[in-house]
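The structure under discussion appears below in the form of structure tokens.
By letter and in written order, the chains are A, B, C and D; residue numbering begins at 1 in each of them.
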Amino acid sequence: MEGRMLVAAGSLTIVSIFLIFGALLIHPFGVPNAYKMDQYIIDHTQNESGANNGVTAVVFDYRGFDTLGEATVLFTAVAGVILVFRRVKKE
Amino acid sequence: MFEQLLKTFDTGNGYWNPLVWGFAFLIIFLIIYILRGRGNPSYKRGTEQTKVFLSGNPEYENKELLHVKASNLYWGWVESTKWVINTLKKMHTGRANDYILWFTFMIAIFMLLLGVI
Amino acid sequence: MNILDILLQQSPALIVATPLLGAFLTPLIGKLGYNVRNIFIIIILAVTAFLVFLLASDVFSGNIHTYVFGGTTSTVLSNTVIRILFEVDGLSIFMAIITVILSLAAVIYSWAFMREETGQDKYYTLLLLMTTGMFGMVLTGDLFNFFVFLEITSIASCALIAFWTHKAKAVEAAFNYMVISTIGALFVLLSIAFLYGKYDALNIAKLASRITPVSFSFIDKLSLILLLAALTMKAGIAPMHMWLPDAYGRAPASISIILVGATQASLYGVFRICFTLYGNVIQIPEVSLGWIMVILGLITMLIGVFMAMIQIDFKKLIAYGALAELGYMFLGVGTGLTILSNPQLSLASNSFALQAMKGGIFHIINDALDVGLLFLVAGAVYYATKESSLNNLGGIARNMKYTTVFFLIGLLAVSGIPPMNGFASKLLIYESVYQLNPILAIIAILASIMLLAIMVKVFYSAFLGPKIDRFQDIREAPKSMLIAMGILASLIIFFGLFPDLIVNTLVEPAVKAITHPTSYILWLTGGV
Amino acid sequence: MMSKIVKTIAGISFPFITIYGLYVIAHGHLTPGGGFQGGAIVASGLILLLVAYGTDWIIEKIKESHLSILESLGALGFIGVAFLGLIFGGMFFTNFIAGTSMLFGGIPTSTAANINTGGTLPLMNFAVGLKVIAGLFAIVLVMAYAISKEEGE
């Protein structure tokens, strides 16, 4: 038990040090490194997807397939919950 | 088509060909057949000779008991490698906490190996 | 332009969309009756299989097949990749072939295996969703899309592992898997966020072209570490494998074999990350990634065989065997990576690197078939006897002749004995790994011998031995289960007898795909 | 089972929550929100009813299998729009309506919000909305039903 706590503390320390370093090294909030993608979406959304809302255009048009995937995640979760809570014939 | 199928499979040092395998199989079969032909002719079915010999102990009435159970198989091996197996068994606690701990531990190891050095 | 050309052009999307459509339709079709639904699902998967092989015929002739969702190819070739891209190369389609074989076998097997169960509509829905997720994972060329499909696969598999909810151990295994796979997936998401923030791209090829030795920094390292750790965990590499034997062992047999495919899809993720995404900077880490993979492979192998030795639960034992098999893939591919990423090793050893990679990749499909067959046999034995502990089994070869023969085939294949397929790939691995370091090859051979001993133990204790009264009138497994086992067994023998054909047609393009990442990356700039 | 006050308030606020959720779904391509968010709002209204009136009352009105079919229909609508994109636009998920004279085909101007824009986006929002309403409510219903059965036994 002692050893386990020691290992846990050690590895958590290392992981958090690395993640904090990572957080410090990423570029500051609101100042993107590169914004070609953002600019493209701002420029072309209205023409290409015909929507005023850029966020919805990204979610349902440019990355619509991801949204289908996310909707499928929900579908999977529902199917899983219904499956797990079904009535089972006891042997 | 057949030529393509029967092509030799080259691994750099060794090779593998279904034809060679079939040939080897035939030779082994022949050797076994010859050896079997040279067996002791005094062997008779259904006599004293075919009876099970259990170090002088009487044979069980219930045939089921003759079957060595799975947990008793390789008893010697398990006994002699007990130190490994017991360590490994301790690793597999079956609790989600420990799984996460191992995962964190491995991330830390990866970080030390790939990140620091 | 005839219909085949159109189908070929659309096939990457259709391969994912067809089982997805099937999954959405299953709750409705399920109202029409048992046979209608099962035939519907088999048709859906057969159509998918047809599309996979159609696409394979194109990819194996040397093309990289790309597909842009919701846009034309020309809009993508600009400097930014906004839309989602599917990018199918040799390795992707190789994994897709494995997926389709396993899921077809599982569905055919389920016809009889699941006949008595409740909640079958949901079962088949989730099975198709899991197949969809695996297809998406292996075909996608977009990192975030990969994460989405990873989620679908893991959630569907969680629910299916807990299918027998009246068994506490199944629920426990599912819970453990859910916890650890969610945490792993979140780490994947975190590293994707790091990469997106730095390079302003989600497309794997685009990212790979931007991650250069010049730009390689701490953030890249961190993402590499997190991706590697999370995906090796999802692939069940020791010592993060603990969820795997429980999950494989407690799930219904038809699910176990798809789970084999799911772990291999994660393995594909590891290879894609190491060889393609970080392909430009493979030499940078001073500690070779290849050596890490080799050592993890060896640990996995040894833990797998040692734990399998003492198991008495039929399916859990095979699960540990499958774990050991995973080690071989890592060993083979890791050896290749070690040699390829080290410029000091002479060019002569490059051919051994390729051989090792071939062995590792070939072993993926062999493992899927062998372990899949063994799981199906275990399921058939459970179906007939309602007994999963090897201690209580015995003498069932008398009643289940075909199953015994199938088990024997699986036994020989998994322990690498000619003329089964395991032999060919293990031969490749041993001989090439020997060139790197003889000790590695010796350990691998020892593990293989132990695997043989373990499987012989199962064969003896379950199938041989005197008659047991309880199993006096058990019957042979139903036809559909025999057909599913027969498909896998015949593939095993075919792959074993003619490995040259398989290596040249299936494995070589896959190896070429990951050892030449530039062709994958350069597609975007039009320099195929 | 809750008191009469809770039931009455829940009954009064349920239509408003539903209308608000449907508004969010329908205006997904103009304002913040969309199918997921609006669907979650409507589902939360339904869950309010479930909490106020008890599981048994709800389960008489609507079965989990019906919800499952509704959810499938929503998902089918989503993937169906994507397939229509393949048929009419040449690629899976092509926004084949945008810029045509069909319903939702208008090109938006930067000043006025016109609901007749967005191409396939509103259709997908409706499908996802249906799916999320049915899906989220089905999860809560099934869990609540399982718990109430366990307590009853």
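Basically, a residue touches a chain if its C-beta (ideal position, glycine included) is under 8 Å from a C-beta of that chain, and two chains touch if they have at least 3 such contacts.
Keep in mind the model is a prediction, meaning the values are calculated, not measured.
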A-B compared against C-D, more contacting pairs:
C-D
Chain centre separation (subunit A, subunit B; CA means) in Å
45
With centres defined as the mean C-alpha position, give me the subunit C-subunit D separation in Å.
36
Per the centroid of Cα atoms for each chain, what is the distance between subunit A and subunit D, given in Å?
22
Inter-centroid spacing, subunit C versus subunit A (mean Cα positions, whole Å):
24
Multi-chain touching residues of subunit A, meaning two or more other chains, are 18, 61, 64-65, 68, 70, 72, 75, 77, 79, 81-82, 85
Give me the residues of subunit D that touch two or more other chains.
68, 71, 75, 79, 82, 92-93, 95
Multi-partner residues in subunit B (2 or more other chains touched) are 98, 105, 107, 111, 115
Which word fits the touch map of the chains here: line, ring, star, complete or other?
other
Which of the residues in subunit A end up touching subunit B in this complex?
4, 7-8, 10-12, 14-15, 18
Quick check: in the complex, which residue numbers of subunit C touch subunit D?
10, 13-14, 17, 20-21, 24-28, 67-72
Under the touch definition given earlier, write down the residues of subunit D that touch subunit A in their complex.
28-32, 34, 36, 64, 68, 71, 75, 78-79, 82, 92-93, 95, 97-99, 104-108, 110, 113-114, 117-121, 124-125, 128, 131-132, 135-136, 138-139, 142-143, 145-146
For the complex, give me every residue of subunit A touching subunit D.
46-53, 55-57, 59-61, 64-65, 67-68, 70-72, 74-75, 77-79, 81-82, 85
Subunit C touches which residues of subunit B in the complex?
4-14, 16, 18, 21, 63-64, 66-71, 73-74, 77-78, 81, 84-85, 88-89, 91-96, 98-100, 102-103, 105-107, 110-111, 113-115, 117
